[in-house]
Amino acid sequence: MRLARQVAKRLGVFAITLLGASVVVFGITMALPGDVAQVLLGTDATPEALARLRAQLGLDRPWLVQYLDWLGGMLTGDFGVSHLSGDSVLSLLAPRLAVTLWLVGFAMLLSLIIAVPAGMVAALKRRSWQGVSVSAAAQVGMAIPVFWGGILLVMVFAVWLRWLPANGYVPVHKDPVGWAEHLILPVVALALVQAAILIRYVRSAFIEVLNEDYYRTARSVGWTPMRALLRHGLRNAAISLVTILGLQVSAVLVGAIVVESVFTLPGLGSLLLTAVSQRDLMVVQGTVMFLVFAVLALSAAVDLSYLIIDPRQRSREDES
Amino acid sequence: MKRAQLVAGLVLVALIVITAVVSVFWTPFDPIRVVPSERLLPPGWPHVLGTDGFGIDILSRLMVGARTTLVVGIISVGLAVLIGVPLGMLAGQVGGWLDEVVMRAADVVYALPALLLAILLAAVFGASTVTAMVAIGVATIPAVARVARAGTKQVMAADFVLAARVAGTSRWGVAGRHVLPNIAPVIGVQASVGFALAILAEAALSYLGLGTPRPTPTWGNMLRDAQQYLFVMPIQTVWPGLAIALAVLGFNLLGDGLRDYLDPRLRELP
Amino acid sequence: MSLLEVRDLRVRFGRRRPAVDQVSFTIDRGERLGVIGESGSGKTVTALAVMGLLAENAVVSGSVELAGHAITALPERDLARLRGDLVTMVFQEPMTALDPTMPVGRQVAETLLLHADVERGSARARVIELLAEVGLSDPVRVAAAFPHQLSGGQRQRAILAMALINAPQLVICDEPTTALDVTVQAQVLAKLDQALTASGAACLFISHDLAVVSQICDRVLVMLEGRIVERGTVAELFSAPQHPYTRGLVEAASLDRIEPGQRLPTVAGLLDDPAGES
């Protein structure tokens, strides 16, 4: 069972990486000058009060015990408790997750809808002005920081044209139209920047296909260049694109955090930034760990999906 | 056409470096001092690009911003190269379990992109230029290490290295004499591309308030300030954004151009 | 009138020396012409010019006329309609010439559906039938298989089926058996010969191997550095090669005969009857 072994291996890498990341995240928070109790009570706190709070928070235990406790908690879905508000991190995460998921999901989709056709044109017409201008546009798009792109979109569509709101959010179940209106600009901002990056990869994936013998075969039996590329190139290019998408997952999530800040969307990014400004360490730690988990899980999922796209991976099974 | 890319990249990068150097000695106005009577002036004379919400000349702040950008870029990419290249060479030469460990560590860092690292560091130590540089530098290590590792493996397999080994050169002698000079060009390309990403990351961090704080001007925190006046003076959001975009474009073009110049076989790659 | 008429063909890429220069030849209906030359001699470029498949940066002059169509002047859309229908090409690398992500049968069926107005069901039946005709013993399984599940010989047969399914008038073969091992090579050549005879298609057969060409073709062109240096029947070439390069080729082909094993039977058979099998 080659397939099962491959899946198991990928999941093993996922688990080890997650564990490593948890050590790093925990280690950084442990490097806090003073400690959480000190931060909470301020510098003029009495030693007795400090000791009491430390005992209460479990900070007097050895690091390893604290780490294992934290890790064990996360495995059971307990991401800790905010020292400031007393809310569990999970209860803070849950309502904001939807916002970030909508943003990331739609942006990914839109960026693919833009990048795949554009990348195909850039590859197919790479020696004529159409292809060169697509490549040049992608080069420029890559240089535009996502927050500036967002601000420019607001300037045009909210300030000048007044078509769409400049910021804020409405949940979909309360007002679907308002929800869509508030999501359009953030999604477009994130998607455009992402698309610019993807176009270059799509282009080179399709250029590879153009140099393949099977593409020449398809041409020789009567497919036009575009149809040959669609019919035989898409799937083959997808195999290499999937790897890129896996690598882009973290970039998109990071972009989402920034975009949320531009449009004041109440997602995970704003939760994180508020927690940082309040130095609410447990919330930062829990949310970062959750995002790390999301990045790793998504890229593992993307990696595994090429088992579905590439029949050569699938059917190794039959041979063994 | 490809040569044009390299030249355009060089020109843009030179422009930014010159601006940054000039800003050390001269700016049209004081880039820090608040002048309440001159708030939010539109572009004109003597404030060519206008003034911000504190009455400070925007051009002067942009010039000093170039300096911040370059310093953060140089230190973070330098950090990444100093750590990433030896790690990558080690992994590529020794192979086996060490290789595995280094690559897994790279995976871990990949899962903690610059922004998340910076958020963690800012939460623990407070946001500063240093936390931003460390976060960006550490996040850049994997890319550099991967390139160094791949290059090392390639060089170590080459005939002339085998010949040197047969002739009795030690492993580390080979590393110094053959591997490093041979992988230097690809490291240079990667550093240039990494520099572009570092500029973007630094701008994002200071835009979010996770990097260099006011009153030190950075392009990111200038945009953050300008956004408050989006409905009053939208033109202000254009300058810092344009500066970031031109700088990133410059380093990207330089990286691409260098790659093509050094190795024409890579021309079709992204 | 000939099926294919190539006149003063000249192809150059960029500012380099022309890859093909002053090339003229004709192929009649049902006739088989071999082109011999080493790699870089311009034989593949000539074939691609006949297909209208040259890279965009190729500068072409001269004329290629195929069954009344001026190939060098036709727009891509019209050329695509001719390809796979009037003229097809079998390439050198059976390992990579098929789309690795699509079952082989579907790739062959597509070619039929692209040019002929048939239903999917009958297309499938026709594919299975043709796969059997080119010598695949288990056509149903082969049709359902992905390329990587087949051997080189099986793939090249499938490609042959793909080339023949629309009964083209001209089949261009570019080193179709070079990548195969010797036994398989002989079998595939025999099938090609059979199929060409059955359909009455003409053939432009490209190879660096005189022995292989002589099994399929009646007439031969010898190309060197983009030009035709010698032309004649297979028998003429073997008995009285003019150009020094051709002489070398003939000697090499004869050397093969002396070597034990390998292509011995086919070459020996050929020398006994220099006119070839035709």
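Some observations on this one:
The chains carry the letters A, B and C, assigned in the order they are written, with residues numbered from 1 in each.
Going forward, contacts are C-beta pairs under 8 Å (C-beta built on N, C-alpha and C of every residue); 3 or more make two chains touch, one makes a residue touch a chain.
Predicted model only: the values in this text are computed from it and were never measured.
This structure's chain pair with the greatest number of C-beta contacts is A-B. Taking the mean of each chain's C-alpha atoms, the chain whose centre lies closest to the overall C-alpha mean is A. Chain centres here are means of the Cα atoms, and by that rule the chain farthest away from subunit A is C. Subunit B has its Cα centroid 21 Å from the Cα centroid of subunit A. Inter-chain spacing, taken between the CA centroids of subunit B and subunit C, is 54 Å.
Only residues 13, 16-18, 20-21, 24-25, 28-29, 31-33, 132, 139-140, 142-148, 151-152, 154-155, 159, 166, 200-201, 203-204, 207-208, 247, 250-251, 253-254, 257-258, 261-262, 272-273, 275-277, 279-281, 284-285, 288, 291-292, 295-296 of subunit A touch subunit B when the two sit together in their complex. For subunit C in complex with subunit A, the touching residues are 51, 53, 56-57, 76-77, 80-85, 88-89, 91, 93, 96-102, 110-111, 114-115, 146, 148-149, 159, 162-163.
By the touch rule above, subunit B contacts subunit A in their complex via residues 1, 104-105, 107-108, 110-117, 119-125, 127, 196, 200, 203-204, 207-210, 223, 227, 230-231, 234, 237, 240-241, 244-246, 248-249, 252-253, 268-270. Contact residues of subunit A toward subunit C in the complex are 127-128, 212-214, 216-225, 231-232, 235-236, 239, 309-312, 315, 318.
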